[in-house]
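Two complexes come next, and they have one chain in common, chain A, joined by chain B in the first and chain C in the second.
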Partner chain A sequence: MIAVTDDDRTYDVVIVGAGFAGGILAKELVSDGHSVLILEAGEDHGKTWETYRSYLDQYYLSLTKTPNSPYPNLPTLPSPSVLDITAVHGTEPDTNGYFVQRGPLPFGSNYLMAYGGTSLHWLGTSLRMLPADFEMQSRFGLGVDWPFKYEDLKSDYERAEWEIGVSADAEEQTPKALGIKTSGPNDNRGYFARDYDYPMHSIPSSYVDNFFARADGMPIEIGEDAGDTVHLKVSHTPQGRNSTPRRPKAARKILVGGEPQEQFRPRGSTGPFAFMGQRCEGNSSCIPICPIQAKYNAMKTLEDAKYTGKHRMKTITQAVASKVELGANGRVSGIVYKKYPFPGVPQYELRRARGKQYVLAGGAVENVTLALASDICRSSGELGRNLMDHPYMMTWGSAPEPVGPFRGPGSTSSYANFRDGTFRDKTAAFRLEIGNWGWKFAAGAPNSDVERLVEQENLYGKALRDKLYHDVQRQVRIGTLVEQLPRATNRVTIDPAYRTPMGEFRPVISYDLDDYSRAGLAASYDTCAQIFQRLGIRNHTAYNPSDAGYFTYEGRGYTFFGAGHLVGTHRIGTDKHNSVTNDKMRAWDHENLWLVGAGSMPTIATSNPTLTLSAMAYRAARAIKTAVRKGGAA
Partner chain B sequence: MGTVMTIHDETHDFQGFLIVSAALTGYDSAELQGTGCAKEYWHQFRQVLPKEILTEFLSFAPALGKKHEDKIIRQSYLSDRCLGPVSRSLIQLWYTGQWVPFPQEWRENYGASRFDVVKIISTRAYKEGLVWDAIGAHPQGAKQQGFGAWSLEPPKQRGAGE
Partner chain C sequence: MTSKEEKLRKTRKKLCELLQDALMLELTTIPPYATACYSILEQGQYDRSEPTIVNAEPIEVIRQVMVEEMLHMVLVANVLNAIGGKPELNNPDLLPTYPGTLLKGRGPTVHLRRFCPEQIKSFRLIETAPKDTGPAKKGDYRTIGGFYTFIMLKLEEACDVFGDDKIFTGDAKRQISNDDYFGAGGEVIEVIGTSTQRRDAAMAAIRKIMEEGEGADMGDRAGDKDIIPGPEGREDVAHYFKFNEILHSRYYHPDDSVNEPPTGGDLIVDWSAVSPMQDDPCESNYEKAPELAALSAEFNEAWTGLLDGLHIAFNKDKSALRALVPNMYNIKFLAQKLMRIPLPDGSGETAGPTWTYLVKK
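The block that comes next holds the complex of A and B.
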């Protein structure tokens, strides 16, 4: 029996994970006078400017510039990598990477275990969900309803948008303005509160966006009857990156969660260079790293929490939460963690953190492996199930003229038309994201173009230079993000056979795409093909049966990837039989334990989950504050 | 005396390296030196090539920039069993900052160098890759163009309309 050393101090709240949700919770709780301890398994990337700069250098030197490439992948703390994804064959799981993949399809998403979490490499897309997304069972007889409605999350969306610093204009973002034929007659009414607007104006459209906008108004049949036909519209995507702050009209301030706000002040880099990054400068590398931190990351919120909390706020990095311990009445009595002094060396000290309330905020997969390893939250049987992602499919082609790719944020606009509609009873909804970086994700451009022109087309000199311009300037790509329904068989489990060098359980994942999502992907492909035909884009899309994410639907083959949107493994619900936590994210089985993050979401719909999980963190924060004040009584 | 000769030879060879590089890449010698990477690449090039192959590679430099340049490049460089792979790796080095190792067959015939491995030469090499200029963009993660520049019409092809 290895001795566990108790930490000296007992905190009001112990949070596992310093990412999007953990940051907001910490800031909210310390602002209210509570003491907070954050345990973060990864290293602190933001402590000094030199550290952050060294990750930028690592990005420059990485041969394959994957989302995790700038950041350390420690043997002590492996993160899943997109390079590890291979097809799963037969009955043997694929154990190439950190994930143990049981298939039948590989789960293609990743995340980052570090101070700041996956916010270090997210794209910045900050979409609200639509009213229908909360009512999938009532409206379509599919999946589950949320225990609350869009209206109930609206003011928390406002808070999250102002914390992250989202650039968008409310009048452009209503379902109607986006060109969505909503499935409910009143979904457009009051989508934004009357005196609300985003803190900053929309990020300017890219030249590529404006090229695609030439097809605006084109009718696309999506459902079975003519009434379902939508008219294409390119619309700005709300983004968590700094733009021009909105000036509130003198008399009417902007109300955020009911509170009047002064003009938003964009927050730049963390650490000593805070004057940098107050505007997006177009570094065109949001994924995997914004060199100036004009893109939001959770380190900004964590820094606020430290500044506000002072002695009430404590962060311990390189601390891997290993077991949630239970005391009397199923209450959590402590969290045992492994504190490793040297990154990469699997040598650690066992310590125990104590608090009145405990929060798991390590992401949809890590929350589950920790809970399963601790044998908690078991009564519903839902823990680890209903894993969802946005299966991500690309279509790409050559435009008839130069469109200026490889400039600006990864995506600035999308076709949001297909995010809801009556078609959703049979076909998954989707969003078509317009890419600004040519065939970067689709084919490894522009380096792959250099290789092709030199090695295969035998070009050199000015002819090579000119052909590169010709080919790459015309590269366009659309990414489809399609919704998945919650399925009990898409799940995260653990197996004693698979552990990390630190002795922690590796996630064992079973994953598949159902016909609903496949139908959505097929419909999106047909839509993209039509858009290409309309704009004279030569279609270069190629899906190969040897691709890891190759699948078929109605006799045709496609390839999907993960979107990094890990959702649904510890969903909220109305009772302890259908969900892991209540609608405030308190575990049904353990009254002082909370599970937050995208794992709480009962459905994924078509919005990238960050904004929703951040809004839900405010909801949880209020309930946790109450619980702390009451001393944890129910 | 000997030292002076060596420096002279290296300078001469380096100039030859720039002349051949310019012909292969389509960027002139001043533009190539403007990247600040020429010396690094020359160093890498000498590390991977046996001396006699390096000498042969540079031997055509004086003939470049004249009437039959295309023939020399295609016949003496690109289609040559030894110098072809060397030329293609060098073009890609200038365009991407990344060394592309020689094919296995080449190594068997002409010798393997332990420096002949895939790598991005330096952070500067990544940022100075000619590809970014050629495609009318900027290296991702560096040399940012400023807020909203992505909305503007892309630059015209270099030399277009001349």
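The block that comes next holds the complex of A and C.
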């Protein structure tokens, strides 16, 4: 047995993971006077300008600009990559990448293990869920209800929006204003609190958005009822990137979680580049990296925590949490972690971190592999199950006129009309995201266009430039994000046969799309086809049976990708038989253990999960503070 | 017209002239800073086995000074608009040419040069604090700080003699606010409210320019009281010291003494990863190279567009400011393009932007 060295200091709270959830938890806890240790598996980077600059270098040098391309992929800490996704054949799992894929369909999403977590490469979409999304079982007889309602998360949404710095206008974001025919009669009432608004104004619409807005008002049939017909509307997407700060109306300040706030001050880059990134400049590389950090990343919140916490806040990077140890009464007594001194060399020292309370905030997959490896949280049998994502499908075409793509953030607007409605009893809800970057994600444009024109059409010189400009300027793309229901068979497990060079378990994933989601994807494809027809866009969408994410529905074939929205694996619930944690994210089986993150969400609905998980982190933080104060007594 | 009215008219005219000079002064510094910044080679353009960006920090230091100069332009325009003046941004008779002098010959000479120690030293000279503000108050100013000391004095005098309400007569609609200005480099001070409030705001605006610039009256400290955004709220250092940082390859602490070298962390400078741009590029060098002449013309068009846009923003429609962001990117792109092209004279030096305003025919 290898000896484990104990850390000298015992903290109030030990957090695994320095991402969205870890950052907010740390900031909240140190602000309340508690001491916090964060264990981050990623390399010791991101803290100084040099490492962020090195990410940028890596990004510029990468031939394929995948979401993880700027960031190190270490043998000590392999990360999932979208380039590893292949079709799964038969019973033989696909072990190409970090994930072991059991299929039947490949799970196409990734995340980033680094200081700042996946916030480094997120797009910034910051949507609230809708009231119906919390009541899927009672409204549609599908999935599960959340243990609380939209109303109960509302003030935490406000806090999260002000921490992240979300740009949007509340009056444009109510379900009614978005053109959603909600499934409940009162869903629109009080969606935003009376004296609340977002910290910054909406990011201006792109030219592409305005082009699509020409189809506004067009009726689209969805579901079986004629009454379900919705009228298309292009609406701004709330985004975690800096725009013009909102000036509170003279006397009445903006109330955020009940607290009056002055005008928001946009936070730019971290470190000595603080004068950069106080506004989005449209560098158009949000995924994988914002060169000026105008897009929120968790390093900003972590920097606040470090500053507020001073000696109370400690971060240990290059520390892979390996085992959660239990003491008496099922209480957690420590977390054993592997501290590797050299990034890239799988040699490590075993150490043990101790605290009064322990939080797993490493993301929906990593939380589960750690918990499974530690043999904890087993009584419900739900741990690792109900893995959800937004199956992401693209439709693309050529507009009849130049629309100026490849400018601005990846997406500034969407058709939110299909996010709720009575059709949801049979067909999954979805959101249509209008892409600003042409066929970049869909077909690797503009590089692929150059290749095609040179290799196939033998063009060069001015003719090449002209044709390239002509083609690329007309590229449009719509992305569909469809909801998934929690399914016990979509799950993360571990298998001793599959480990990393550091000896950690690799996630073994079984994943499929049910007919509910497939119906949603089919409906969204039909909708896109109608929009294309109305706007005179020539449809170039091609789904190939050899695509890794190819599937069929009612005789037609489609291809889906992952959206990087990993949700549901350690869901909250009402009792220890249906969920892993209670509604405050405390593990049912271990009274001083908390699992926080998108894995806590019982359903995914149609909103990108970051804002919801951030809001839930505030909810958990309050409960953890109480637990620390009580000295951990139940 | 009574003699008092005549006197007021003359005083106001004089104040407007001074502030217009200030506007041009701030503008004059921007092309040299931008040129030095853009001459630094970017990723992939220099010979390095390691994929690291060199000179990212010097670029940022110069860029910070540059965006503060832009903020100063906005502040001066706000003061000028507040007293009912008309900021002129596209009058070719007033616009700077290079090489040229600051303060109409009284200040140092400024050149367009690549990023090199001589140029950084000349930047430092531009931002030098006045040793003695005594002569400046009498109108004998030789530094930017001295010039602003004189402006403040004249403005206060005028207000005292004629009353604040006679001086601050401008249209509040012309005031650029933080909502309009792409807020880098600090926050805009709007000169609005009652005439007394406007007087205070105008003084605060000018003081802010002085403090960020040469750090004249900050005692024996490098800091300029301006807080860098961020959780730590670190104090920024004045421009003079920022350039000293580059020359010493080391950051200042705000509490460092102005007479001692900086004592903060390392700032890594590589003087070799720079385009060998000719000093003070001029159009005549491009006569034998039509492609260069065309590119230079394209650059000058973009620069002209920026100045015209600023003129509209300060005089007609504030929202014009936002549309200038892509324009500034274009200027950077074209400048870098020019600096990558060798001159046909075989000297090994490259072309560069001349920053010439193109007069409409």
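Observations
Heads up, the rule we're going with is that the second predicted complex is superposed on the first by the 632 of 634 C-alpha atoms of A that agree within 3 Å, B and C clash if a C-alpha of one lies under 4 Å from a C-alpha of the other, contacts with A are read in each partner's own complex, and residues count from 1 in each chain.
Simple rule for what comes next: a residue touches a chain if its C-beta (ideal position, glycine included) is under 8 Å from a C-beta of that chain, and two chains touch if they have at least 3 such contacts.
Computed from a predicted structure; not experimentally measured.
Residue contacts after overlaying the shared chain place A:245 against chain C, while chain B stays out of touching range.
Of the two partner chains placed by superposition, only chain B is touched by A:404; chain C is not. Judged by the number of chain A residues each one touches, B leads among chain B and chain C. By the document's definition of touching, of the two partners only chain B reaches A:450; chain C does not.
By the document's definition of touching, both partners, chain B and chain C, reach A:279.
In the superposition on chain A, A:304 makes contact with chain C only, not with chain B. Residue contacts after overlaying the shared chain place A:60 against chain B and chain C alike.
In the superposition on chain A, chain A positions 56-57, 60-61, 279, 281-282 are in contact with chain B in one complex as well as with chain C in the other.
Interface residues of chain A, counted against chain C in their complex, comprise 49, 53-54, 56-58, 60-61, 244-245, 247, 265-268, 270, 272-276, 278-279, 281-282, 303-304, 306-308. Interface residues of chain B, counted against chain A in their complex, comprise 23-27, 73, 78, 87-88, 91-92, 95-96, 98, 100, 118-120, 122-123, 126-127, 130-132, 134-138, 140-142, 144-154, 157-159.
Across the interface of their complex, chain A is touched by residues 43-44, 51-53, 56-57, 60, 63-64, 67, 178-179, 182-185, 228-232, 234, 251, 325-326, 329 of chain C. Chain A contributes residues 56-57, 59-63, 65, 204-207, 210, 243, 279-285, 289, 291-292, 402-409, 412, 436-437, 440, 446-447, 449-451, 454-455, 458, 460-466, 468-470, 472-473 to its touches with chain B in the complex.
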